[in-house]
Each structure stands twice: as C-alpha cells, then as structure tokens.
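Both of the next two complexes hold subunit A, though its partner changes from subunit B to subunit C.
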Partner chain A sequence: MTRSEITPSPDVTVPRSEAEIAARMKALEALMIEKGIMTTEAVDRLAEIYENEVGPQLGATVVAKAWTDPEFKARLLANATDACAEMGIGGLQGEDMVAVENTDDVHNVVVCTLCSCYPWPVLGLPPNWYKQPAYRSRIVREPRAMLRDEFGHDVPESVEVRVWDSSAELRYMVLPQRPPGTEDKSEAELAELVTRDSMIGVAPVRV
Partner chain B sequence: MNGVHDLGGTDGLGPVVVEQDEPVWHAEWEKAAFALFATNFRAGLFNVDMFRWGIEQMHPAYYLLSPYYEHWMHTAEHYAIKGGAIDPSELEAKTQYYREHPDEPLPERTDPDLLAFVDAAVKGGAPARRESDAAPAFQVGDRVTVTQDSPHKHTRKARYIRGKTGVIEQSHGTFIYPDSAGNGRGDDPKHVYTVKFTNAELWGADNAEPNGVVYFDAWEPYLVPAAVPAEGATR
Partner chain C sequence: MRAATTEVGDARRRVEQLLTELPRDGEEQLSFTQPWELRAFAVAVAAHENGLYDWSEFQLALIGAIREWQDSAGRRVEPWRYYDRWLEALESVLSGTGVLDGGELNYRKHAILTTPRDTDHHHARRDPVAVDPAR
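Right after this comes the complex of A and B.
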C-alpha cells in the first residue's frame, strides 16, 4: 500500500502572503481558462449566487414556516430534503438534509470535524470560524464549555447537548426554539429573527 | 490517513475567532478558488472524495495555518497536474508573470454551457446516494463498534470514534463509499448509518461533559456488531 501521493514542496510549511496566494490563484485560473475548463463568468456567477441568492435567509424561512405550520414542521423533521424542496430550496451540498429540533430538553449543534461540510442550500457558505481547527477539534469534546466560553450561550446541565458530526453526505441544520413573546409575529417577521448561528446551533434565537 | 485534518478531540488549538458581519468573500482570489470545485469537477479532474483527499495530504503545519480556500487551490492544483490538464512548469511561469504583473487581466473566454452547468449544479446538486441491492447489515437500535484499523489513504472514519461503541440511530440507505471513490476506485455504494456515542464512551467518564452525545455518520464497513450485550450497560 502506498502512502501519500503528494510530496509537499519545501516551501509549503511557511504560510504564503496574500499577494503570493493571489498570484498563484490567478495563474491557475488563467491556465484553466486557456484549457477550456473555466471562465471568469462562471467564477463571477458562483460568487454572486452565494453572495446574493443562497444564504441563511433561506434557512430562516424554513424555520419560520416550521414555527407557524405544525404539519410542515412534522414533514421537515421527517425528511428535511423534501420539506425544503416544497419551498423551492435545495441543491448542492444539501442533496440529503436532516433537520434536528431544539427543545426544552435538547440542544443540537452541528460540526464537520474532518473538513467543513455545511448545508449550503439553507445556510449558504460557512463562516470562517466553522472551518477553523479550533471549532472542529473542540466542539465534539467540550460542546457545553465551548458554547458558553466561545459563543456566550449557557446551556443548562439539565438540557442534553447533541453534537452532529457531518462525516458523510448528510447535511444537518438545527431547528431552533421559537423565542417567547413572538406569538403575534407573522411568518415573515419571525424569519427576520432567525440567525445563521441559531441554525448551526451555537446561539439561540433572540427577540 | 491519520492526518491533521482529522481534528475531532484534538486539544490546544486555541479560541474560536468569530468575525462580526463576516463577508462571504474575504479576497477576490477566494471566488476563483471556490469556483475550481465546480468547474474542475465538471472537467472530470476529481470527485468530491478525491477533492477532500487532496486537501488531507497538505503538509500538516501548512494545513493548520493557511486560509481555508487555499486548501481548495491546493487540491485543485494537484489534480489538474495529475490529470494532465496543466504542467507544473507552466503554472510556475504563469505565477511568476502575475507576481510581476498582478493587475494584468485574465484571458477572455465565454462558455454558455459552463454557465448553465453552474446554475444547474447549484440547484440540482450532485447526489452521493447510489442504488444498491445490498441489504443493510444493521438496524436502528443495534449496538455497533467502530473498527480500529488505520487506513493509509482516504477515509471518513475519524480517529476519535475508532474502537468506540455506539447505537445505530438512523439508517439512510446506500451512498458512494469514500474509501473507494476517494482513492480512485469507483463508487462501491455502502449503507450509511447515524451512530450515537455518549460523551463518556468517547472521552472517558472522568473527562466527559455530562448529559451529552455525539452523532457520527458511518459507512457500514466501518462498523462491526458490538461484542458485549447492552444488559445494564451504562454507555
């Protein structure tokens, strides 16, 4: 059995400067364009999709609908992929989605310890902290301490903490608890309260 | 591979740095690095498991210190060279050119099919679910133990669950097997299960936080029936 196929080049243990990374990326992009594999239009289109079209605002509409429509909520928890598809939400890195519900007794939090898997169709692209070694290493070992120390979210010991490590191709989102005092709010008003962090599970939804 | 990417349970990696009002892109080069995943996948240069395997083979120190999307550049570069799409010397020459002329424009090319692919891929996805006639070896509620062996190449069997015993919580059907597809050996679909581990099982009773569990999605070959029946088990 062979081991690594890639021999690291001698310079790669030293971080590159931003200018060096930019030059390298531009060179790679230029070659990919010349070889007929890439275009700047495709780069711009993908950037625009995840900047303006696909992001946590979509997940927020799913959560608000689940809070206001018990039958939808039941379908979401039974099969999140199908339930999101009802709302026209789905696609890349969300081909098989699972929604996990926070209750008075359970708090859920999502991670990918091996890389940075994340439910793109409902949350967009992940924030840097989600991809950083500090979060990925510790959230499975000390989730309660980490939520308290790093995110200011104190989960009482009576509440079970469930960590979901997205190690396969299932993508997890948290259905946070609806905050008290929001009984009179419309679905659209509720969606505005729902944050990315609450759907990763590192924060509650606050009014 | 027992690599640095396999971070679950590693201590001492410092505080989480949360950026308030973080933008989607921190630099222009990140957009192109992100796009490489879709465009070079379409060109047949890698699948998603191979893409991850390329990242896992970065130098560990560099992996920990480099910006995230540079990992994507690294793996895309590796497979572009390996697949014969580009030559290392032309990449080096072109890099030198842009070092000296950072504001020079990129070559122009239009490709309506590629643009259509981008939109279709984002909406339609690239499902990893694959049909298989194989019956699942485990049922929900079964107690299973993760095998201890350490594969040299790509695997999703993280170190922190190896040798640990948990309970099958959900059964998801059959998916591409990364230990095959990531190592260039075809889809070889296997059943995937969500396995629940208690904190005490993973970290030991003296170190574990109370009242908590970790769910890990495991392909069937990672699992064997647990040796000890659950009678009065505290796990």
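Right after this comes the complex of A and C.
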C-alpha cells in the first residue's frame, strides 16, 4: 500500500459515501480508545443516556408543574436553570436556561442560528430539522410563514411571534399554553400532552 | 474473550439496532439517522468529560465547520448533513489537542474499509465450521 492510496486527494470532487464516513468515525473512536483517551463503556453509556434516558419527557414534567403550581412557574420564568435543578434536571448544555412563556398575546419560538444550541437536559437531543440551515435561517426571516407552512401552526395575526436565538451561553425553552379543557387533569396527565415541538415553539399543546 | 456477549456489547447493539430499525419516513424527527452519528456525538461528549477540551471549544469548532460549509456554496459537492460537520469539528479539536493524527486516522479508516464485513457470510456454509469429535 502506498501513501497516496490512503491519503485522500485534497480537491475532492465526489461526495464521500456513507460507508466511508462511518468507517472514519469508527477509526476515530478506535484510536481514542486505544490511546486511553476514553473507554468503550463510557462512550456506550453516553450514547445510551442521550438516546434513551433524557429527552423531552423531562421538559414536559417541567411544563406540567408550571401549569399546576403558580409559584413554581414564577420561579421557572425567573430562573429556569434553578427551577429545573429543583426537579433534579440539569447538566451539560443546560447550565443557563431561560423559559419564555406563550400567552394569548405572545408566541415564542426557539432557534440556534449559528449551530444547534439546545437545552439537552430538558428537551433531549434536537430533531434533524432544528439543525437544518433551512430552519435556522427562515425561522428568523419569516417566522409566522414558516410556522404555518412547515409546521402547520397558524399563529393568529393578533399574536406577536418572538424568535429566540439560543447560543452556547444561553438556551431557551418555550413554556407553551395549557390547552383549554384540561382543568381536571393531573400534573402527570398534563405532562403526557406536552410535546418536544411545543417546547421549541413550533406547535401548540393539543388535547 | 468473546466481546459479543458482554453487557456493554449488548447495550451497544440495542442502541444501534434501535437506530437502524427506526422508520425512514420519520427521519426528520430523529436526532440520529445513522448509528455512526450517535457514536460521533457520544465520543465528543466523552472526550470533553475526560478533560480533553472545553465544551465551548468544540462548539466553536462546530460553528466554524457549519459556517465553512455554508460559505462554500457553489464549490461544494457534499450535501448538507449536520453530523458530517460534527465529525469535522471533532477531528479538528482532537487534532488540536495532539491526540489525533490525520495520517493515522486515514490509515485506520482505510484498513476498516478494506476489511470486508462478514467476509464469509455471503457464502452458504453447509458444513460445520468446527467439530469437537465424539470420544
């Protein structure tokens, strides 16, 4: 094998194949593990945690508590990081969180225009569309049209739409409106209604 | 030792199987579309947790990689894929710390690509592969 066979040409003219990228990642992980930088167990554990254990269901419990406990809601809106910590929720990328409340007059929606900053501990990992350039640019330029066209969420003209740009320093989550007709529901039942999209602000909570 | 039967090996297969078995038409709703993306994600977090870099360094590298892709409109051949940029950022910060060597990575990648998966499993094997004879 010659060196030229293993070093890619600098002016690549064809996209890399999925197999090639997968092999590259596999090689990278193997090298890091061999060098003792990390263990397979640690990587597996992290993969499992983020795939299965954290996710929007944690954020949903926060929203349901805010709907049923006015004092908690006040604390959440004053300092979302501390309020989530009260519920044992927090961690990497959740250090500085701000909750913005949807009302009859204001609808909030969250984006990260630079990359994909997102409050993982409460919402899990962001969905693919959140990371697409199309979402990141258009939601800023014409949020109302994008919510209507892409998410089927028609925000009335009488409601102001605010787009919040999450960054590495500060991450937003939306406190959606409690839907009408849910007065008799328990906090746990309410939490089941709350979706990830409602906490990004691209959908309302529906009964 | 048969790694295939360890608890961790099982956990890994479970996660990867979950990912590959998810319905494709729901792709836009998934956080990961390919198993390697989840590995890339987990490795980046593990390296950070082991003190190789500040998370902010990784984020800056990711922002840079995404910006570079966006600025290369017209010249680029690769479609938009978030985790491609993630991997690029990961390689960049790991190289910066000196623990990753690009040549070594290319060499290993090549070795993986030229080692066929399940080399023998495309052929029917009609005989036992091992026999422990009766005594």
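Definition applied: the second predicted complex is superposed on the first by the 193 of 207 C-alpha atoms of A that agree within 3 Å, B and C clash if a C-alpha of one lies under 4 Å from a C-alpha of the other, contacts with A are read in each partner's own complex, and residues count from 1 in each chain.
FYI, a residue touches a chain if its C-beta (ideal position, glycine included) is under 8 Å from a C-beta of that chain, and two chains touch if they have at least 3 such contacts.
These numbers come from a predicted model, not from an experiment.
In the model built by aligning both structures on subunit A, subunit B clashes with subunit C. Using the contact criterion defined above for the overlaid structures, shared-chain residue A:Pro119 touches neither subunit B nor subunit C, since it reaches no partner.
Within the superposed three-chain model, A:Ser158 lies in touch with subunit B and out of touch with subunit C [touch as defined at top]. In the superposed model, A:Arg141 makes contact with subunit B only, not with subunit C.
After overlaying the two complexes on the shared chain, residue contacts for A:Lys35 are found with subunit B and with subunit C alike. Looking at the shared chain after the overlay, A:Ala168 reaches both subunit B and subunit C. Applying the stated contact rule after C-alpha superposition, one finds that A:Trp129 touches each of subunit B and subunit C.
In the superposition on chain A, contact of A:Lys26 is made with both subunit B and subunit C.
Note: residues 1, 5-6, 8, 12-16, 18-32, 35, 37-38, 40-44, 46-47, 50-51, 92-93, 114-116, 124-125, 127-129, 131-133, 168 of subunit A belong to the subunit B contact set and to the subunit C contact set alike, using the contact criterion stated above.
Residues of subunit A that touch subunit C in their complex: 1, 5-8, 12-16, 18-32, 35, 37-38, 40-44, 46-48, 50-52, 92-93, 114-117, 124-129, 131-133, 168.
Interface of subunit A with subunit B (complex): residues 1-6, 8, 12-16, 18-47, 49-51, 54-55, 90-96, 113-116, 121, 124-125, 127-129, 131-138, 140-146, 149-151, 157-170. Listed in rising order, the residues of subunit C touching subunit A in the complex are 8, 11-12, 15, 18-19, 27-36, 38-43, 45-50, 52, 55-56, 59, 62-63, 66-67, 70, 77-80, 82, 84, 87, 90-91, 94, 99-100, 103-113. Remark: subunit B residues 1, 5-11, 13-19, 22, 24-29, 31-36, 38-40, 42-43, 45, 52, 54-55, 57-59, 61-62, 64-68, 70, 73, 76-78, 80, 85-86, 90-91, 94-95, 97-99, 102, 106-111, 114-115, 118-119, 121-129, 152-153, 156, 158, 160, 172, 175-176, 192, 194, 202-203, 209-219 touch subunit A in the complex.
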